[in-house]
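Before anything else, here is the set of structures, which you'll find just below.
Two complexes are shown next, each including chain A; its partner changes from chain B in the first to chain C in the second.
The block that comes next holds the complex of A and B.
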């Protein structure tokens, strides 16, 4: 902060980014909120209907299905991306050779386009011709479990969640790995001398040290999952029935297939609120009492300084 | 001070955004630069399919005749849902292209009501072209009130193709009634054969099965009344349709909900399913197996005491071409008339059924299958099954199609299905 003293220069540097943010993020959100109070089919005039769209939303059974589905999707995606990503990253820290090769290979799914991933998983899940997963089950003697994973009501949701989780596992692995190797070895080497086991070092020293990174990835991952759309939409478009309907696929269908732009926008606003709420909750949970006290003290000190400066 | 500056900036940014949003408004999409007129056709026909080829040929010819002063730009999105989404977004943003593809569905009716489309019936009559078309091809494009705003470029019948070898093996004959059809399916299933392969991903093929019994019973009356809120899904006719759906659904291939168009078709052609419902537009795919005597087809079976006869089934002229009322000037009119004059012959030469009456070309050797279907089409009755998705409002259609898959796979009861459809119609019918 001390580098740029002049407030004008400060703003000049901030302006391009701020303008872009306003145009690309803030303006569409504002438009969505405005539209969510309207009834509009895409042709003709918009009709102001007050909170009607929101009332409809809270009486809509599919909305609740989509909400619950979204939570299940969230749990699957987040646990795959973070837990598996972290696990791989820890394993990777014990590797001494070919680390870069492994990192690159695990990162590949992130750069494959969504449509290709969708096709990949469509083939893996299919029964006609027999896909990889079903072939594997047959080979393992589990013929009874062979099914069309995307068409079965009970499996469709998990089947559309897994590709999304799988896809970014490598990315989170790389982030965690970078965090883990950047730790100062002397800290846990000292613990090792004191007789701490590997597990103790991991959970009592390494994990707390990379807490900030975990918070960041959790935020990215959660908001990503709350907005999850492309893979589920391409694989089943919410079906069969509404068995794999997510908030975002439902919003898209309402706005663009059913031409209910107002209702679609109400759903979109709900997704925004939900995401903000989720981030707020994570921050709250992750901020310990001590940190809150420290922050409070810092704030008071700043205020003090400002007063003295005047 | 800082706070005020930020809020001023926010306000400026917001106004700039609003201005940017308004700037694109009311732009005419037809452009005339250096005396060259460019017309945009936003289309949803298969890329390099017969229609695409013929229309390109005609456009090139026409452009040449006009000395390059006229040009058409094709913007093709073959995938129908994405096409419709793009189209609706463009129209919502007040950027309707000069020529579009659209079914005579409720959305199209909204465009008509807003005065955005050209009255094609009037246009054809004024220019003496109305009788150049097959009556059913035009009738299919009509709204229920008899007005017509879309021009057909194709003409189809839909039928169930069956595998003769499988039928012979189990001593089955093509069914003449719906009950016989279900019996055929049952025999096949009891013998471990997949009776019907269905493309559930696209949903409309499943919806056809729901429409079959009501069509036999009352033509298109039931669906029209259902749409208008005068009939309920939870009525005798509606329940019968849903029960038929649930019954025939058990004869669909496993996992049909996740089976796409190409897979369903190749299952049938590879002999992995005994029957497959599709229209004559797949004639090229069926050709070889038909010539080898491996497959044949039958039309929609009849019912006792039904209103429609055995020679009446799903006949359609596909998605139509519609014209932007704002940009439909003399030049575009001239082009459309040119298309009508030349299209039939060129299209039929590609072994396709033309909606415009035409002599068959001498230079093309038409296949037996083509000639047989063409002959069938001359003999169809005056009723034809019009797909339900062209009648229903898009919201009800989504609800129906989503839940149809569950009904067919036995995951939803007939009661629940009827209730969902009726509720949606009550909410969305105007």
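The block that comes next holds the complex of A and C.
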């Protein structure tokens, strides 16, 4: 609760930030929605076409390809970031020395621009000269698997997903590690005394205790993957064909390469709806009955307090 | 000694993963001191004849300096705006007793969910109507706008720790809300400012999507865009210069990260978990 009552000062402090925010974030959302009902090629007059862009979208084969690709991308990215991140966070809790150093270094890939990362992976995947991955396969005697990973229809999507997953694994590890070490040791020390094994403690006590963090990171990770753009765009720009096309690369191409601004906006609106829906669904699925009751109670208390306050 | 064996296995796994995470980055730097010939014959071997020639080439051509300057301009101005706008808006939303401020706060936090792609088409059209494509401003507007939700939230949660009594006392003593902010509240928020500034300096420096959409002319290109001059293109690529350019351009964020690593991670992990 605040203490200053001057409305004038309130507005003076709030408005600059609020207006900037509205101009940069909400004006574009409004414009995107408006444009998604228009047909416009970049020059001349915009033509109102009603739901035509959305109808086209739901009849567009590439749209479905991009949607499915995005789901696969999402599964790869999320499982790399969360599963690998969590796994190494757990391992790290058993380390006693150099933990800070390891954490600091794990984090480095998130600091580097995606343009550099794509360049790096382009070299790793390449066949001419033989990239790291292919050299490794040759050394392991798997010559048959040597291929140009980005140009192959069957591998391109996985090849553009992995760098994204790799990049942020360290960040999620740091988050999970922080959550794990902040747990009160007395809780699981007691279980240990009662004869619980390390694995039991891990899955029955520690995991449930950091459920909230896992849920939050899952939300973050999912919305991040739904809007994935940089790495696929730079590595393959959706190719070969549409084999690694994602929603946002498709939107980008439609708008800025084919100048179909209306259709591009319809795709953009779809991306935003999809992201908000995903967040909502996760929250819904993971809120247990108990938590819902607690929340309901809090709301009632708040209402009561407000009534008393007035 | 079962426990010890497990510990060793854990340590080995951690080190293996560490190599996966960090080797590619180190390799970037190694590659940048290799002659182009070696890069095309044995790109992953250690350099036989380390050379600084790549760096000389990149620096003497002068473009990278311009790109770095552009990035610096965008990053610097954005940071000042982000801190100024979110410190004040956060103060309004935290220390004032005004109706409707909860709704405004949720309105701000809603922004965390909005994908940046939604702004590309409308802002592109807006900028080309106004004739301000290819300017630093075209990048600063969305960078600041999308940074505000999280940074306002961070300031609000910090201000909650500033006791109301302190502000009440100042007001009673005849201090205006503005002076209270400038002389008492804002100086206390030093850590929040460093967290936000260090995190967003890296994120904005690295931005690709806005720069790629709104900037097409060489003179306004930022570093991330400038690198694409070398990347993307196949055929006659001067790999040596490419890697030298990459090495130069990722140095500033890395330096900030290693110098302020506590704050950077705090900011980014907060960004992740508050979403």
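Here, the second predicted complex is superposed on the first by the 284 of 310 C-alpha atoms of A that agree within 3 Å, B and C clash if a C-alpha of one lies under 4 Å from a C-alpha of the other, contacts with A are read in each partner's own complex, and residues count from 1 in each chain.
Criterion: a contact is a pair of C-beta atoms (placed from the backbone, for glycine too) under 8 Å apart; a residue touches a chain by one contact, two chains touch by 3 or more.
Computed from a predicted model, the values in this text were never measured in an experiment.
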Partner chain in contact with A:52 - chain B first, chain C second, else both or neither: neither
Touching partner for A:200 - first (chain B), second (chain C), both, neither: neither
Partner chain in contact with A:41 - chain B first, chain C second, else both or neither: first
Partner chain(s) touched by A:253 [first = chain B, second = chain C, both, neither]: first
A:238 touches, of chain B and chain C: first, second, both or neither? first
Partner chain in contact with A:155 - chain B first, chain C second, else both or neither: neither
Which superposed partner A:125 touches (first chain B, second chain C, both, neither): first
Partner touching more residues of chain A, whether chain B or chain C: C
Touched partner set for A:147, first chain B, second chain C, both or neither: first
Touching partner for A:23 - first (chain B), second (chain C), both, neither: both
Chain A positions touched by chain B in one structure and by chain C in the second: 7, 11, 18, 23, 27, 31, 122, 256, 261
For the chain A and chain C complex, residues of the former touching the latter: 1-7, 9-14, 16-18, 20-21, 23-25, 27-29, 31-32, 35, 84, 88, 91-92, 94-95, 102-116, 118-120, 122-124, 129, 131-132, 135, 166, 169-172, 174-175, 178, 213, 216-217, 219-220, 223, 226-227, 229-230, 234, 248, 251-252, 255-256, 261, 264-265, 268-269, 271-272, 275-276, 279
Touch list for chain A against partner chain B, complex: 7, 11, 15, 18-19, 22-23, 26-27, 30-31, 41-44, 122, 125-128, 147-153, 236, 238-243, 253-254, 256-261
Residue numbers on chain B that touch chain A, as the complex places them: 1-2, 5, 9-10, 13-14, 16-18, 20-21, 81, 84-85, 88-89, 91-92, 107, 110-111, 114, 116, 200, 253-259, 263, 267, 272, 394-395, 398, 402-403, 405-406, 409, 411-412
In the complex with chain A, residue positions of chain C that touch it: 6-7, 10-11, 13-14, 17-18, 20-22, 24-25, 27-28, 31, 40-44, 81, 84-86, 88-89, 91-98, 101, 104, 108, 111, 113-126, 141-142, 144-146, 148-149, 152, 164, 167-168, 171, 176-178, 180-181, 202, 205-206, 208-209, 213, 223-225, 227-228, 230-232, 242-243, 246, 249-250, 253-254, 257-258, 261, 264-265, 268-269, 272-275
